[in-house]
Each structure stands twice: as structure tokens, then as C-alpha cells.
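Heads up, the next two complexes both have chain A, just with different partners, chain B and then chain C.
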Partner chain A sequence: MTSLALSRRVPIARRQLSAKRGRTLAGIVGIGVALLLILALKAIFAGMETRLTAYVDATGADVIVAQDGVRTMHMTQSALPSATAAAVARVPGVAAVEPIIYKGAFVESVGDKSGIVALVGGGPTPEIAAGRAPRAGEIVLDRALADKLAVDVGERVRVLGASLGVSGEVTGTAAITGSFAFVARPTLARILRADDVVSYLLVRATAGVDPVTLARRIEDSEPLVTASTRREFAASERAVVGDMSTDIVRGMIFVGFVIGVAVAALVAYSQTLTQLRDYGVLRALGLRARRALALVIAQVAVMVVAGFALALLLVALLSVLLPALSPTLVLTLRVGDVVEASAVAAAVALAAALVPMLRVVRVEPASVYRRAS
Partner chain B sequence: MNEPLVRIHHLSKVFGEGETRVEAVSDVDLELERGEIVLVMGPSGSGKTTLLSMLGGLLRTSAGEIVIDGVDIAALPERELPPFRAKTFGFIFQDFNLLAALRARENVEVALNLDGVRGGAARDRARALLDALGLQARREFGIDQLSGGEKQRVAIARAIANRPALILADEPTANLDSAHGAETMRLLRRLAKEEGTTVVIVSHDERLREVADRVLWLEDGRLKALAGLVRDPVCGMLLDPAQAPSRLEEGGSVLYFCSHGCRDQYQHERGTRADPARVSSSTPLGYDHEGGGANGN
Partner chain C sequence: MSSITDRARVRAALAAGGQVPVGRRQLLSEPARLVVALLAVAAAVALVLLLTGLRRGLGEQATIYLDHQPPVLVGQAGTRNFLSQTSVLDERLAGRVQRVAGVRDAAPISEGYAMLSLHGTRVLALLVGYDPGRRGGPWELAEGRTPRAFGDLVVDEVLADEHDLVVGTRLRFRGEALTIVGRSRGTSGFMTPLAFTTRETANALNEQPQTATFLLVTPAADVSPAALVRRIDAAVPGVAAHLRDELVTRDRDLFVGAFSGPLAAMIAIAAAVAVLVIAITVYSATRDRAREYATLKAIGLRRRALVRLVSFQAGALAVAGTVLGVAFAVAGAALVGVLAPKYLIALTTSDALWMAVAALVFALLAALAPARYLDRLDPATAFRR
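Take a look at the complex of A and B:
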């Protein structure tokens, strides 16, 4: 049987759905909201990953050198002797080495408002949106944090007991977990009283040198360090979010699945119940059992597909609205996540259709002779 | 002599078992000729609908054969019944049983689709049938927008869409006023006599006797000769004298009643009014005017 032949039959499933528009719409919205839970959460975590690696991506370093065993900035500590920078600079293929100090801290405003930052001393500062790069005794904040603290360029904040003047603002580093703040390396070294220690080395390779090869070469010459390419380092950073979010996302996928199945099944079942007499008539007229099942599946599938499309639309809408309301919230919709959510939607459709299918299969053609109540 | 379209032999249907066992249809033999209109009457619960359901391949038999055009549908496997139904039967129901989600034309088209006719061919045939039944202006109407008579005409169009050999009509005039009922009767008669379609009607509607070639009486699951039945003088119910629950000898003749209540009422009214004209005596009926007799053969 060709799809053309199918399309030339009276579209019973479509008609049955449109005959009860209110119920069908309620089902689509319910399924859409359930799938939205899954898609939105995945998009939020994807957005977090993007923000988390925004600084690493912006450094332009080919290789990042850290204390042995350290492959991330978040959720870890790295300490290297200052002399390591000079040693790494001598490794063949290294064009430049820039040491940075990295420290998690609270930034407090005069009005006692505070925010968490990943404080970076030294290295390149991302593009300045307002003001200028930090000099001694100054700090550059993400605009989202500056707004939260209600501080402008030129005002002062307190960090780790030191008072620093805000010299500028950057954008795009703020996430739910915090944002980046930038100071001059000597300033942070003074605050931390650690003149001879750095956290990471940002290494540029000479032209034509493969970053992977260079990273292995650095590790060979300096046994107490871990060297990662920028891509590897960013992947490790994303894995931190992944590790944090996996259980939450799995839980939410399960919740979304259950809600989706419950809504779709309830709607499909109530639709089917009201259509049982129609199925009896159709069976009497010659409808085969498997085609009756196909009608049920088609109705559920239409609702789930429409619900999925609605969820995608809502996520797209949220990805515009949420950052406007809360700059730390960024929604990034990835193809893989959409595919995963569509698999969940398909599972929802199958599970929801199961009970109505069993009900329809039990419809006796002879039931048409029972008087309608 | 032509072969009959339908040959029913020793047909029985039993529901339940043990104490709940009910024999709804019991050892029925019946033959139906092509183009014949057969009216099956009988009291409620007599097995009419069960008989009709088995005849239409909607209900499995407990015993016996139903041979339609050479095919014993009682022996057909379940998967072969739907296409056989689509091709062989046209169903007309008391409640019309139209699909409310579909338009009038689509209700007819669905029956054609189920018999393998698709697209433009199905649409054109559905339109032509509805036009022939005077529904050209109602073709694209929703079912809820149609009157009872119009719904029944759509149902008839659906029933005859696949040019079935046999139309099975369950109380086709019950939900219609007298004018629409008469129109339905005329349509069924025309189908039988012009198209050669065999029509089996199950009904309590006495008006349908006018179009029937044969009238059969089904009671307690058995077909009985109408000629041997009598009418209760109080409620008018047809009764088998041998099984009448109550009787009364009066003036040399015997009156039969469906219940002691009817007999008491009869005696009471005779006693208080003494008006013989008010009640009629139970008399044998001459309904079997065109050969319908015991077991319908």
C-alpha cells in the first residue's frame, strides 16, 4: 500500500481529532509542556556549558598547562611555581607563555550585595564592553554581575578583603554558577600573598606546531604538570557541568516522560472511549483490527508531534525571553538534545497509545446493534 | 430455479454456560432469495438482533451454517470477515450509526474505502448516491446538521455504496416520523426490486409489512409460523397459543393473553363495561400472506 493510496482515503484520524478540538488542543499543550521540561532543562545546561568555557575559548591559547592532574578551572585548584613558566617557554614549539592566577571569590558591593566570580589575574581579557582593561588595583566585571551589584565603572567593590576600582565591563561570561572577573596578575598575587605561585600557563604554539604534540612535549619535559589543548580543556570544563547535570537532567527527562505519557494517554484514552461506537461501526463496515490500531496510533502521534513542535517553539521563545529577564540564564538548543527529546516523545506516543489500542482491539463489531444511550 | 442467496442451516447461538446459559437463537433454518425483502418480527429479547448479527458476520455462531453466495461465513477465519463484510453487506441501523466526525459524503466514502475504492472514484460514487437520494445540497454537511430522515438516507447510501448482495436493517424506521419512515420503506423496496438486493429487516414496525415479501416471527430464538399466532386482546402482543401464559374460554372460543395481568384487565373491563366492542377476541392471524411460514422456508 503506497502513501499516496493512504492519503486518498477519508482521513478518519484527522477528522476524529478535529471533531474534539478542545480536547485535542488540551492534549497537545499538555504534551508540549511535558516535553518543554526536558528541552528547556537541556538547553539551560547547554547554555551553562557555553558560558563556562567562554573564557577558555577567548584566551586564544593553544595549550593550557596546569598542576599535575588538573584539567579544569572550575571545581578544582591548580598551583604551579612561577619558574614553571620559564621552563615551559624553553620547550621547542612554544611561542609564548602567559601565566595566570585563578581563584574563586565573592565580590561585594558597598551596598552589601555580593556575587560569585572566577577571578582571573593576568592573561588576555575578553572584549571590553565598557571602560577599559584593568590596571593595578582595578577589576573588570561581567555586566550581569555589575548590574546585580548595582555598581558602575568607576565605583569600588571588595574582593578577598581588598578594595578594587571597577575599570570596565565584559559580557557573555555570566552563568548560573557565577561569572568571570579580571584583574592584573600582580594585583591578585598581592591579594593572595602568593608572588611565586601561578595557577595556569596559557601557551601559544609556534606556527605549524600541532597543539596535541606540543602538549605531550610539555608534559615530557615538565613531569609535574598536565598540559591540555584548549579543546581538551574546554571539553573537561563541559564535563564538569555534565557531571553536575546528568542526574538532574535524567530525573527531569523521567518526570517529563511520565507527565507526557500521563497527559497523552489520558487524552488518547478519553478520545478513544468517546469513539468506541465509531470503531464498532467501522469494524462492522469492514475495518480490519490492525487498521483500527493504526487510527489510534495516528491520533496519538499527531498530538505528540504537535506537542513536540509546540515545545520547540516555546524553547525558542524562552531562549529569547529568559536572557532578557535574567542575563545569567542562557538557553542553547543543540541538535543532539532535540534528537534525544524526540526519542522521548516517540516513547511517550507509544506508551500513551497502548491502553487505547487494547481497548479498541476489544471492540466487537456486533456492538453496533446496542442502542446508543 | 435460482439458488437462494442465503442458506441458514441449524443456526444456534448460546450465551453463557451453566445457570447463566441462554440460547438466544435456536436451530434456525432459513433461505433468502435474491431481491427478496424479509421482515423478521418478534418480541424484545426474542433473538432478532442476535440472528441479524450472525447473518452479518458480526457475531460468531455456536452451531450451524450461514452460507452466503456459496461462502459459509460461520467457517471463515476472523481475519477474512472484515473484507467479506465490506463487500457483501450493507448495514442500516436504528440509530443510524453515522460517524459524527465525518461529513455526510465522507460517511459514504468510508464504506467504499474499506472495500478498496479510493480517491476520486470513491468520492464520485458517494456524491452520486447522495444525489440520487436527494441529498445533493447536504453532501458536505456535518452529521449533526442533518435531520433524522436525512441521516437515514445517508446511512442507506452508505449501506448500498459497495453494491452489497444483502442489506441488513435493524429497526430502520424506528427513529423516523411517518413520512420519513415511508420514504425509507420505499427506498428499501426499490433496492430489492430494481437492484436485486436481498433485504432483511428486523423491526417492530407494522408498517414495514407493506413492503415485505415475507414476514417471519422469531420468538424464544425460534422462527415460528405467523399463521399459528394469536393476538392478546388487551395489549395486542402476538402469542404462540401453546406457550401463552394465560388463557380464557369465552363464548365457545379461547382467548390468549401475554400475562395474567392482561387477562385480569380484560375480565375487569368486561365486567364493568360489558361492552364487547371494546375488546377483540384472540384470532389467528393471516399475515403470512406471501408464503412465510414456520422456519421461513
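Take a look at the complex of A and C:
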């Protein structure tokens, strides 16, 4: 019997793995949890990006005009003289211009609970889930914040010292960094003492006018503004999260890799120690060293693939469970992130196989004839 | 065949532990497995500590500006925090606050987030506009001078180094041309590195001349900050006076709170990994030595002693892994300080102590599976070929 024939007919790797099911399972769980570290973090940041652009996506604007050099809204200041709105409205191809004021603020309930919001004065309000759009002296809150503050439609909250009545609720704008709230522009201008200043202009193009062309036309016409299409603006908003989280994600990938390698190597090495005598028998029967090493790699690879599948399953489960527990925590799994995690998993498998390989390569066929201790 | 006296002697020797260090010998019999297990536990422990330290560091960095300011700040009525919210005051209010009894100085500042675009990367900073010669500016300069004229800018030196900004560099920000005239020290932060300009410049950027966001209030000698807060609130309508320390606490809660959920999830995962690694190691070692344990059982070692044996191994792994993990975390924090100084990983002794306690709990949890296995192990196994 040749080694080739042996390995083709007998599923040794599978049998070795199934011989100690508990340990194999523990290894798969360990690798899965390590890879979950990477996938969950990426999914959390991807979820943040989605929520970050929820408002921009819902405006329906073709072009967003901001102060010169400003291409984001979150944690950003933009100030335009009110007169800019009228000037932009005169640009050929502009169907409508809606100025908005955008500021960070705290909303406080009577019970002294508070939550941070991106307060938007003017412009369209996203689809109202309860109540109606805000009028003068009123505010629309995200339902997650309203629940946190324990306020209902019709009750009052305080914003920057002003008392506002809650006229309605929206959903889907709450993120871990805060949610959106909407008021009428004159209301916010009065609170901020900013009658002649707006933050952004939401521009709609006339039918048949390309948003990219219109944005360039607006910039040519108004030198102290930056005009971005909604898609460009949303991409820039998402890039804020990406730019700020790059190092943290890299760090977590490194830690996930180290833990994954350690767990996989530990389990594979423990399996190998138990199977040393088996390897001795196989070698005595003619299994070549290279095939023995392939067996080790196959076992590690199977565990890593199963661990990766488990991590995917867990992150999918978390993406359903976490938003139910906390509406601000949204997980979004992206194909690119899965591909990146699978590359880490492959690196884990290769690195983890090294330790048991070093042990197996030293196994002598003659060891099978010695008595076990 | 061993006599009852012999069995009693063996049992006594094993029970004494010190005479036959079975647990230690078993643990050390496979050094490679021990090293890998220790590394895995240490990596998990280090991850927990580094994440906890990063969370604390975020909070400390977020309030670095406030930490250097006088004990009372005044903002628009309804303000609760210094960061992340809007406050607009008519600058004439500074004069009214200045006249409140017990106020030595009320310096206006105009601060706000500044989303800088440097080398195609978005960098968030806190831009503080202050009146030259008054409070609110940089407290230590690494290079250059403080802002004096419109468009002068001082940036944090860590931020400057990261983006090759030197004294003399010109930046275009929100339609204005700004010139870097100095680099400040001790003003770094992951999300809130500081930049300073004149209040006139900051107000021009915001299109809000003659305004301030906050007043930095220095109490006169012998006036308590708390009493001054009450006096200002009572004397000046439309403002909210705050103790600096209260703002610090709220800003830290706000900043750190936003990251608490994801960080807690990561810490829970890392803790689960630590438990799992200890369990796999001890369980594997126990299964591999089933024959030895069966022999020990056959010669009379009791259930409690066997459980103690696996608990010792699990505990030793947990403690050694924690010590190594703390060392990794300290080294990691120092490395981050050198390679990426904008991140502050604030490790504390109490974190390490909590981690040690947690590790012992991990060990107890991890010992459950091998203990259950040993409980069911048939002593007759020892006599089978």
C-alpha cells in the first residue's frame, strides 16, 4: 500500500478531528470568537457609517452646498451668509434651495435626562413615524432618544435653554454618537442668535440637469462655497468614520490575528500530541513526511474555516440582536470586510499550523514499536 | 498489592501537595503547549487592559483643554457640556459677568470642532479662538509663537508632525487662509487635538462676529467657585455658569459613553477567549493524562484533591497569563506612545488588579470541564492496556 493510496482512501484528517470532538469544537469556538473580534468591530463601524448618512440620504437633495472647503456635516461647522441661498437659487439648473442650520446640542427632559443630538433647523424632515413635522417652537426627536428621555409627542423638552414641544418622532437616525432632531429654521436661528447665517443649502436640480454639472456650476458662480453631489457628500461623511477608525481597526485586526493564531495553534498542537503515535503508525506504513504535514495543515484549515463560518454566523446574529437591545448600535456586514477577515483567517491557519508541524516532522516511524508510557 | 497503610501514605503525600507537585509537573511537561496557552491568555488579558486604557485615555484627552482652564466657565443658558454642543453668547456678556462680585477675570473664547482635511484625510480637532494676551490660549509652545493677528494658527505638535505641518505652513480652512505660527505641546488627542487662533478669526469662520461660546472665569481670592457659579446664574440672565470639574465629568461621560457599547462587546469577547484558552489547555492536558489521573484515583486520591489539581493548573495559567498580559499591555501602551502618540492608553494599577481577580474567576470557569471529566473517570482505566 502506498502512502498516496492510503491518504486517498482513508479520510485521516477528518477522523483525527472527530476523534476528540470536544477539543475540536472548543478550537473552532476559540478561532470563531477571535475572528468575531475583527468582524464585529468592522460591522460596528460600517453601521455607524450607515447611520451617519441617514439624514443626508433622506434629504433628497441633488447637491449640498457648504462653506468653502467643507464636505461633511458630522462634527463639522459650516457657516454661510443667508444671502448665499438666493444667489445659488439664481444659478441655471437649480429648481429649489432649502437652507438649513445644523448644530450639535443637548435635548433635556423635564426629568433631567438628556441626550446629544445633531439639531437640524429647516429642510425636509425624514419620514415621520408618529406625530407631525415641527412648527415654530416645536421639535421632532428620534424615537430612540424620545424613549431614553421618556417623553411622548405633546410633551416638552429643553434645548439650549429654550422650551420646545415634541411634535413628532422619526426612526433610524440614532447612532452611538447621538441622533438627529428637527426644528423649524426660525426657531433654531432664534435660539442661536443666528438670523443671517445658515449652515448648508440643500439644492434640487431641475429635471434633466446632472448633479455633478450643477455642483461645478454653483462653485463657479459662488466662489466661497463648496458644492457636492449628495453621493459625494455621503461618501465624505462615511470617510470621517473610516479615517478616524483606521488605526483602531488595524490594532484590532492584529489582536484578533494573535488570539486566533494562539487558539488555533494550541488546539492543533494538543491534537497532534494526542495523535503522535498515530503519525508514527502512518509513517511506518509509508506515509511521507510531506503528507503528514499536509494532514496537520488540513486539520488546522478545517478548524479555521469552521471558525470563520461561526464568526460570520455570530456577527449576523449580533446584527439582529444588538439593535433590538440598543437602537443606537447598528451592525452592517460588508463584503469587503468579510474578504479582509477571511484573509486574516488564512494567515491564522498558516501561522497556527507551524507549531504542530514542527512536532510532527520529528516523529520517527520506529516510535510506533515502542510501548506507550 | 498495596496495603491500606501504603494507600493512606500515598494519599497523604498527594494531599500535601508540597511533596508531590503533580499539578506543576503536568503543567510543565509540555513546554510548547504551555507557552502557546500563556501567550493566548496574555493576548486576551492585554486586549482587555488596552481597550480599558484606551477608553480612559479617550476621556482624559477629551478634557485636556478644560483641565488647563480656571474653575468656572459660563456658556449659553441650557449648555451642559463644553464639547459637542453649541453655545452662543453676545460678547458683551463678558463685561456683565466681569462685574459680578467675586469675579477676577472673565475671558471670552470661541471654540468648536474643526474638521480639517490634511493630505486627503479628515482630521477632527478642537479649534479654540481666544483674545491674545488673555486666558484660553496654548499653555506650552514647542515652537514658534502664540496667535496675534487674524489668520494666525497654533497647532498641536503631534498633529503637526503626523501631517508635516511646520511653522510657516499655510492652510485653507473654511474659506480662510490660516498660517501656522506655532506648535503647542501637551495638547494632543485622538479625537480632539487642539488648535488655537484668535477669537476674531474663529468668529469670522463662523460668520458670528462679536460672539463667544464660553467665558473662562477666574474667581477672586477667597471666593469659592461653587459660590461664584450661583452668583453668576443669579445676576446674569441667559447664561449658565458651570464648575469646570462638572463639565469635565460630563464631557468624559459623553465621549467615553459613546464608545462604551462597542468596547464592552470587545472586552466581553476577549474575556471569553481567555476562559476558552485556559479551558482548552487544562482539558487537553487532563484528557492526555487520563491514565495518570485514573492511577491517582485508583490509589485513593479523592475527588476534592483531583478538582484541586486541575484548579491549580487553571489558576496557575490564569495568574501567569495575567502577569504576562499586564506586561504586554504596559509594553503595548509604551509602544503606542512612541509610534502613535495621538492615542493615550491610560493604564491603572486598579485595572491590573481587577484583571487578576477576573482571571481567577476565568480559571474557576475553565476548570469546570476537566473537573467534570475527572469526576466521571473510571479508576479501572489505569489497569487497561
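Assume the second predicted complex is superposed on the first by the 365 of 373 C-alpha atoms of A that agree within 3 Å, B and C clash if a C-alpha of one lies under 4 Å from a C-alpha of the other, contacts with A are read in each partner's own complex, and residues count from 1 in each chain.
Going forward, a contact is a pair of C-beta atoms (placed from the backbone, for glycine too) under 8 Å apart; a residue touches a chain by one contact, two chains touch by 3 or more.
Keep in mind it's a predicted model, so treat the numbers as computed, not measured.
Sticking to the clash and touch definitions up top, decide whether chain B and chain C on chain A clash or fit.
Overlaying the two structures gives chain B and chain C room side by side.
If we overlay the two complexes on their shared chain A, which of chain B and chain C does A:312 touch? Say first, second, both or neither.
In the superposed model, A:312 contacts neither chain B nor chain C.
Does the superposition put A:184 against chain B (first), chain C (second), both, or neither?
neither
Of chain B and chain C, which one contacts the greater number of residues in chain A?
Counted on chain A, the partner with more touching residues turns out to be C.
Would you sort A:363 into first (chain B), second (chain C), both or neither based on which partner it touches?
A:363 contacts neither chain B nor chain C.
Between chain B (first) and chain C (second), which does A:120 come into contact with in this model arrangement: first, second, both, or neither?
Neither: A:120 stays clear of chain B and chain C.
Taking CA centres, what is the chain B/chain A/chain C angle in steps of 10 degrees?
With chain A as the vertex, the angle is 80 degrees.
Using only CA atoms and the superposition described at the top, report the least gap between chain B and chain C in Å.
Closest C-alpha pair between chain B and chain C: 9 Å.
What is the shared patch of chain A, the residues that chain B and chain C both contact?
none
If we count contacts the way the header does, which residues on chain B are in touch with chain A in the complex?
Touch residues, chain B against chain A: 49, 52-53, 56-59, 79, 82-87, 91, 93-95, 97-102, 106, 109-111, 113-115, 118-120, 122, 158, 170.
Which residues of chain C touch chain A once you look at their complex with the stated criterion?
30, 32-33, 36-37, 39-40, 43-44, 46-47, 50, 54, 76-81, 84-88, 90, 112-115, 117, 121-124, 172-175, 190-191, 205-208, 211, 238, 240, 254, 258-259, 261-262, 265-266, 269-270, 272-273, 276-277, 279-281, 283-284, 287-288, 340, 343, 369
Which residues of chain A touch chain B in their complex?
5, 8-10, 12, 15-16, 18-19, 275, 277-278, 281-289, 364-366, 368-369, 371-372
Can you list the residues on chain A that touch chain C in the complex?
20, 22-23, 26-27, 29-30, 33-34, 36-37, 40-41, 44, 67-72, 75-81, 103-106, 108, 114, 116, 119, 158-162, 176-178, 192-194, 196-197, 224, 236, 239-240, 243-244, 247-248, 251-252, 255, 258-259, 262-263, 265-267, 269-270, 273-274, 318, 322, 326, 328-329, 355, 359
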